[in-house]
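So, here's a batch of structures to check.
Both complexes below contain chain A, partnered by chain B and then by chain C.
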Partner chain A sequence: MFYLSLFFQYASQYLKTRLTYRADTIIEILSDLLFQAVNLIFIVIVFRHTAFLGGWNRDEIIFIYGFFLVPYAIFSSFFNIWDFNDRYIVKGEMDRILTRPVHSLFQIILERIELESLFGAITGLLVMGYAIMNLDITLAWYDVLIFIVMVIGGAFIYAGIFISIATIGFWSDSRTDIMPMMYNISNYGRYPINIYNKVIQFVLTWILPFAFVGVYPASYFLNREEWYGYAFFTPVMGILFFGIAILLWNAGVKRYRGAGN
Partner chain B sequence: MNVIEVQNLRKEFNSYTSRPGLAGAFRDLFTRNYKIHAAVDNISLTVKQGEMVGYIGENGAGKSTTIKMLTGILTPTSGSIIVNGMNPHKQREEFVRTIGVVFGQRSQLWWDIAVQESFRLLKKVYRVSDEDYDRHMGHVIETLEIGPLLDKPVRKLSLGQRMRCELAAALVHNPPLLFLDEPTIGLDVLVKLKIRKFLQEINEQYKTTILLTTHDLTDIEALCERVVLLDEGKIIYDGKLNQLQEHAVEGKQIEFEFLSEVPRSSLPRVENLQWEQKDATTWLGYINGDEQMVSRLISDVVQRNPIKNVRINEISTEEIVRKIYEEGMALT
Partner chain C sequence: MSMYIEMIRVRFLMMLAYRTNYYSGILIYSINIGAYYFLWSAIYGGKEQIQGLSVAQMTTYVAVAWMARAFYYNNIDREIAAEIKDGKVAIEMIRPYNYLGMKTMQALGEGVFRLLFFSVPGMIIVALIFPVRFDASLTTWLFFFISLVFSFIVNTHINLLTGIMTFFLFNNSGLIRAKRVVIDLFSGLLLPISFYPDWAQTLMSYLPFQAISYVPSMIFTGGFVGQEIYKALLSQVFWVVILLIPIRLLWSLAKKHLIIQGG
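What follows is the complex of A and B.
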């Protein structure tokens, strides 16, 4: 309860600041939309040349892409942890975090929220709506609940992977380029998994399970029964990876060496 | 009651040295020369409630490392720490509620938002009730004279204004123990005086225990009865400030300003007395002895030479500390 009310306090403070920089916020939202549009156009162009990709048609792939945008938007609104090493370890901001009576990871999440990224979720819903109309899919009432569970699972997988990578900063103070590389890899999750070779499939399923953010859960809504097993494993993977990340984080905080003054 | 109890505290850092040259860099890839360096080396320390303790030492002496262990930021390598009856690192979240921390070189406030919004967030973080907040912070804001700054964003404040707000922010939850790491760094004299006066007040009013590190020894002279002197991770002095002055520097410095130039030969020669020329007509006499010797020396000099001015200089803490570090001292 306390954490929830603290969250709202930070969020309202964030909105207040954002509203004083209206122009910046609008530009950021627009450039996000533009980025999404470019990705969609890419998919459309690919399907000018072929009707199927690994057995999936154009609208199915658009649906997967739209689905992927929702957990991704939640992740990028609340888990802006990609510059953790620079900002908190090298600059020593972690010192300040650790002198406050709230879990350190939660504080960083609060400080780094970027609520405008949630617009990506709206884009995702619109894209999915468009695909559903073309695909002639009927959804049951409980699909909404399943959708929410899948989205949260996907966001947790994302968060778990990126938090785990951020904790490297506790052990090594040298800069790494893993973060941008990971962003690239994460994009593979929004295309059908079976178009990749076996090794990449395995990695995207069990090691860096970005397939659980896009294609696996989306295949449930597309009635692709051959993937149902994986689809329902999404929340389990989310809890598992997020749990591992928190354990790593707590171990890392004990190792924190601080920045010299 | 002891607020801080530290036994044989030690903190080691692993660092590696790189070998010279390209070949060396290549070898470093495979085997590194690790070196263990103890930043804090077997420190034991107790602080009672209501004390104001000055924690001093050169850069790299281990001051910040100690403070970071006492505040739960760093885990000690060995030794035990009990602060406010808790283990700072193990019970971190519960523990930090009972302390206030100001790092002079690091802001606790949110850069983009108004000072009072920062206070409100902190009030929430520390779960301070409205009544407690109003009663306590009203007083703090008044004494630090930051009322007019409250609706300005932090980035628009001057350093002195910001520091006063930082201090207020550290006191939102009225902690019984306050850690101040270089709180007056870079501030002008007026702001320094204001901050010192404020610290004295809260110490008297709430019996707040204060542990202070600073490079400016006048802070310590103004505030702390007790000083802890640190060198290379070890405590080399722990006691009253005035005793440090008495013990560390033997003798006194007397400054004679003569009416005309005076040669060395016309100054008296006594055992335990050294002369140093400051300028053409001024000599400094360093005498190792008690007041009697001092008066004898003065009368000696005055009888032989016409003088304009005589001054007995108290040696400043700064000089004492410099002397200790230069010559090493066995006081403990």
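What follows is the complex of A and C.
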């Protein structure tokens, strides 16, 4: 309960700060929209020149992209941990975090929320809706529940990977550029996994399981039965990767000695 | 003049001091090129060519487009925005040089650095992994480099414009991001302009963006031949000149409009 009320207080505080620079906030939301539109335009234009991409048609690919947007929006609203090393370790801010009465990871999540990213989820739902209409898919009532589970699983996978990488900061405070690299690798998950070679497929499934944020769970809703095994593994991977991240984080905090002075 | 050359040199040396940051950048670009390589291979499927480009040309296009980006890409819009916000721009303005000229020179220093330490080794790595073709003729290379210079100038012009907008918006990180996304799409980095529907191509021919990436990449891959090369280069020159006008206007307006936030 305490965590929840704290969360809402931080969220309302955040909204106040964003509304100070109103024009900029609106432009930022629009630029997010633009970014999503660019990816959609890419798909639409590519399919002017081909009917299938690795056996998937245009609307299926659009659906996968729409699905991807939802867990990604949740991830980028609540897990802005990509600059953890610079912001918290190097600047010594971690000392302050550790004096706070909540779990250190939760405190950082609170401080770094970016609620406007949630608009991406709406875009995602609209994009999926468009694809579903074209694809003539019928959804059962329980599909909504499965959708929620899949989305949470996907967001947890993202969060797990990025938190795990952030914990490197506890062991080494030298600058690494793994974070931006991860963002680029994560783009691979938006397209059908079968277009990549075997090594990349393996990496995207088991090591950096970004395929579980896009193509695998989406294939459940697209009735692609050959991928069902993977699709239902999404929440398991989410819990697994998030769990590993928490363990790494706690181990890292225990090891943390401050950045000096 | 020697003052400006010194600015290029200083920025170059500054980048050199932090060169380790750039090795990972090469990897990032390779990852991106890889993603598009697989994507395009799947898009081509069995097709010989799409819009006059074969799959080998397309791979080369993607690789060249990204590696050229390393040269023309810079963050001076962000730097200008930061200097306006912390008030440093007021001091810069009373110094005996043109502020925008200085920013351009710094961008050039950065660009030259990245061309030598990023694009060249990056190209070698990419050529080892993916079937990229570098057997372009000497004249093609020459035209490519000329158009690369223009693409740098056009992109820098647009960055200056975006940076100056901070004077009016006060906090314009959103606009900077939007600009980056627009350039990635409309410059032809993600998709060759010839892949777009006709109406979109017509629309884009009135915009400066394709001068940034599409022109040099098409010249290199042999997508442009003969007259087309000269026409493309001329359109780049056109934008180099035309974009000076809004920069001049906004800059003189901004000087009157200057509000230092803090500092």
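Just so it is clear, the second predicted complex is superposed on the first by the 261 of 261 C-alpha atoms of A that agree within 3 Å, B and C clash if a C-alpha of one lies under 4 Å from a C-alpha of the other, contacts with A are read in each partner's own complex, and residues count from 1 in each chain.
Everything that follows uses one rule, which is that a contact is a pair of C-beta atoms (placed from the backbone, for glycine too) under 8 Å apart; a residue touches a chain by one contact, two chains touch by 3 or more.
The structure displayed is predicted, hence computed values, not measured ones.
By the touch criterion defined above, A:Gly243 reaches neither chain B nor chain C.
Once the two complexes are laid over each other on the shared chain, residue contacts for A:Thr25 go to chain C alone; chain B is not touched.
Once the two complexes are laid over each other on the shared chain, residue contacts for A:Gly54 go to chain C alone; chain B is not touched. Of the two partner chains, chain C is the only one touched by A:Pro180; chain B is not. With both structures placed on the common chain, the touch criterion links A:Ile41 to chain C but leaves chain B unconnected.
In the superposed pair of complexes, A:Tyr188 makes contact with chain C only, with no contact to chain B. Of the two partner chains placed by superposition, only chain C is touched by A:Tyr196; chain B is not.
Of the two partners, chain B and chain C, it is C that touches more residues of chain A. Once chain A of one complex is fitted onto chain A of the other, the partner contacts of A:Gly129 are absent, as it touches neither chain B nor chain C.
For chain A in complex with chain C, the touching residues are 21, 23-31, 34-35, 38, 41-42, 45-46, 48-50, 52-54, 175-178, 180-181, 184-185, 187-188, 191-192, 195-197, 200. Residues 13, 64-65, 68, 71-75, 89, 92-94, 96-97, 99, 101, 103, 105-108, 110, 112-113, 117, 120-121, 124-127, 181-182 of chain B are the ones that touch chain A when the two sit in their complex. By the touch criterion given at the top, residues 2, 5-6, 9-10, 13, 16-17, 92-96, 98-103, 254-258, 260-261 of chain A touch chain B in their complex. On chain C, the positions that touch chain A within their shared complex are 21, 24-25, 27-28, 31-32, 34-35, 38-39, 41-45, 47, 50-51, 169-175, 177-178, 181-182, 184-185, 190-191, 195-197.
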